[in-house]
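Dropping the structures in below, format is structure tokens.
One chain, chain A, appears in both complexes that follow, with chain B as partner in the first and chain C in the second.
Entry: the complex of A and B
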């Protein structure tokens, strides 16, 4: 188990800067997610940590010691790739034992470790199967077991669940988190799925255009996004312009009392779950424009003046499209972005 | 007409011509090898000719000579071809080399290749002349006999020269498309670069290498022109022996020629079966 620190890492491919001076650290036994859209440099960051890609500049430390010049095979940062990449010519047992064989571990010992790993990933009896005979979830488990078999200093997961269907993804995510906690292994998970990051991590690093935009606990990142782009990446859709003057927020929707916000121009983010809908009257300002029933909840777009607000209500409150509703917004629960925090 | 039968009926003329010619030739060779050749009064079906051929020292020497030529040239071509493919994949100039190598095996027929080797290796060839002019040998006749020799050096050299580009290109295509990330996985799991090549790249290339080996082995085992032009008078390569027996004015020798041809056919069928197995393995890896 190691702590990891990246300092001022930069990487370009064909004059295109993929990683732009990023620094972060991961504590021993911590599970950190690097969250960002495709092409933001997540996988490159993982490969740099593993030693498969050399950074143009910067330093990498494992337990405080530089590993920048340690070759990939000796570094101990083991990757589980997005498409599993099991060796097609080797069976499950040989795949899991591959790293041990390369390290010169004797066959008997290898067998023992492989059996332990198969038990851990609940695939006992699959020793003789070839990758082509396994389902997506099974392949993922074998890839995971193969990585764990070499006792990695740090486990690097490159979108490991993205090739699985929704149900299996949830199962595998829970399974992976459980094993990570059981073994206490330092883990970095790369994903573009915000829910996956929120549910699996101790900490989330949001990477956009090769730069770290925010780092914090899942609740910090979700409830207090550092800038508009992070907020938008998390799927927040309600942004209202307003001016705060002496404890009063003025917006095109009306004036609202506000506490603890200094005077200035703002973009205010209101999470869809913070907007409450009530059965309206003829004089109500809100009209249900669209609705999507999704079982335990219903999604709405409600028109208030020129604003289209995205809201969620539980299943006991169902409004019809075109129905008049009262919209209750507590702006004190909103996130206020000053212009310098837009980070476009 | 039944719509299910229609495509088969439409294909029938082509199938009759293709299979008809092939099967007629094969059956004719088979019955003649079993001693049925009524034109010269041989009407008794017997395995006698097979037994005689297998007891014949000339045949056995020819069989081993053919196996030796095919095996030596194919193994050498595969080893050099694989290394060359690896170097081309690593080379920054691969586009240029690739184009040239593609053309080489296509534009030079085996017969021309045999003549080229003859012009270089025979005692009146280019190599002895260079050696003579450099003063290494006093007379061109002192140059060791590399064509028409018992070791089949000329034949083997011709086949190696012709087959290396074929192996190179077949292996190069697969090697170039081999998932590079699998090698990254190997390194990431602690393998050194050479271990990645030995334990990952090479096994994944094996079906391709095996297929290429079988193709060139089968060709060199059954080909006639190169051993006919560059081979020794004794022992003759198997196809040359079959041809000699076939062209013998004494037609009662015909069953012997057909026995040799049938043996060549059986070896080819075995090689085709092996090739199919390798091909299936290749498909399995890509699934």
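Entry: the complex of A and C
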């Protein structure tokens, strides 16, 4: 188990900056997600930490010591790829024992560790099976067991769940988090799935266009996105332009009292669960444009003047499309972005 | 169900006709090796004899020794080709470097340019270097038609298995040669078998290049075979051709068996 620090890492491929001067650190035993859309440089970051890709500039520290010139096989960062990459010519036992065999561990010793690992991932009795005989979830477990068997300093997971179907993905996510917590192993998870990042990590690093836009706990990045693009990436859809003058917010929807915000022009983000709908009268400003019933909740798009607001309501409030509704927005709950925080 | 049966009957007819078509010439050739006289219009030889086979196994004819030498030569060519092709194919498959597109075409050049044109120039150089008329010279010149196939096919094999599986081995603590021996080599083994068989046949049946560079000093099996075909001694041609075919076949079977038995319980496909 180690702490990891990246300092001013930059990497270009064919004059195309994939990673632009990023720095972050991961504590001992912490589970950190690197979240970003595909092509934002997150897999490259993992490969740099593992030692498969050499950065153009910058430093990497494990427990404070530089590992920049340590070769892959000695660095101890084990990468689990998206497509598991089990060795097709080896059976489960040989796959899990592979790293130990390379390290020169004796056969009896290997057998013991393999048995231990199989127990950990609940696949006892699968020693003789070949990868082609395993289901997706089982392959994933073997891949984990194989990575864990070498007692890695840091576990690097590259979109480990995206090849699994939805239900299996949830099970495997819980399973992985549980093992990670049990072993207290430093883990970096790379994903483009915001829910996966929110649910499984202690901290989230949001990476856009090779730059770190925000880093914080799941609640921080969800409730207080640092800029407009991070907010949009987390699926926030309601953005309203407004001007604040002496405690009054003026928007195209009307004027609202506001506290603790200095004067200026803003884009205000309202989370869809923050907008409350009430049964309206003839004079109500809102009209339900679309609605999607999703069981425990219903999604609405409500038109207020020129704005289309996305809202979520619990199941006890059901409005028909075309119905007039009163829209209650508490702008004090909104996130105010100044122009310089749009980060386009 | 009926339709299915009917289809399998048609399918069987096609399969067996193809097999017969392929085997028939070989059968005729084999019969010729025993035929003392086989005049037109008879369907089968009229008189049988063992002159051809007796001559073949007679030590003074040196036919067996030549066969041994030929197999040895082709084996060396095959191994050298594979050893050179593996790193070349790997770099063409996985890495980007300056002039890669040029190299890709350049490697195929021996297949496009007639070998005679190349060999003429090489012959002059080999004479200067003292490589003409030598076993080593013949091995080297056999690499010309072999390497394009070796590199081209192995490039595709490497592309099929992908680069990541070796990276996975590296990440798990294997250094580069461990990753190669324990992961890459077993995965490309089926590819090596097919390429190796092909190279062996290319080298084994090479007549012109051996003749030119070997200068009559290095005598291979096709060089014994050809004069009999040219002079119309069909019995001898039958004997030597049969041995030629059987040698190649035997080589295939041995290679397939040794590699396959090693992986028989571990059947897998490129993925």
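Convention: the second predicted complex is superposed on the first by the 344 of 344 C-alpha atoms of A that agree within 3 Å, B and C clash if a C-alpha of one lies under 4 Å from a C-alpha of the other, contacts with A are read in each partner's own complex, and residues count from 1 in each chain.
Heads up, the rule we're going with is that a residue touches a chain if its C-beta (ideal position, glycine included) is under 8 Å from a C-beta of that chain, and two chains touch if they have at least 3 such contacts.
Computed from a predicted structure; not experimentally measured.
Colleague: Judging by the criteria at the top, classify the pair chain B and chain C on chain A as clash or fit.
Modeller: clash
Colleague: For A:79 in the superposed arrangement: first (chain B), second (chain C), both or neither?
Modeller: The answer is both, since A:79 touches chain B and chain C.
Colleague: Is A:99 touching anything from chain B or chain C once the two structures are fitted on A? First, second, both or neither.
Modeller: Both partners, chain B and chain C.
Colleague: Give one of first, second, both or neither to describe whether A:89 is in contact with chain B, with chain C, with both, or with none.
Modeller: both
Colleague: Across the two complexes, what residues of chain A are contacted by chain B and by chain C?
Modeller: Touching chain B and chain C on chain A: residues 50, 52, 72-74, 77-79, 81, 85, 87-89, 98-99, 101-103, 130, 132, 146-147, 150.
Colleague: Which of the residues in chain C end up touching chain A in this complex?
Modeller: 164-165, 167-175, 178, 182-183, 186-187, 263, 266, 268-269, 271
Colleague: Name, in rising order, each residue of chain A that touches chain B in their complex.
Modeller: Within the complex, chain A touches chain B at residues 50-52, 72-74, 77-79, 81, 85, 87-89, 98-99, 101-103, 130, 132, 146-147, 150.
Colleague: Which residues of chain B touch chain A once you look at their complex with the stated criterion?
Modeller: Residues 179, 181-182, 184-192, 195, 199-200, 203-204, 206, 284-287 of chain B touch chain A in their complex.
Colleague: Where on chain A is chain C touching in the complex?
Modeller: Residues 50, 52, 71-74, 77-79, 81, 83, 85, 87-89, 98-99, 101-103, 130, 132, 146-147, 150.
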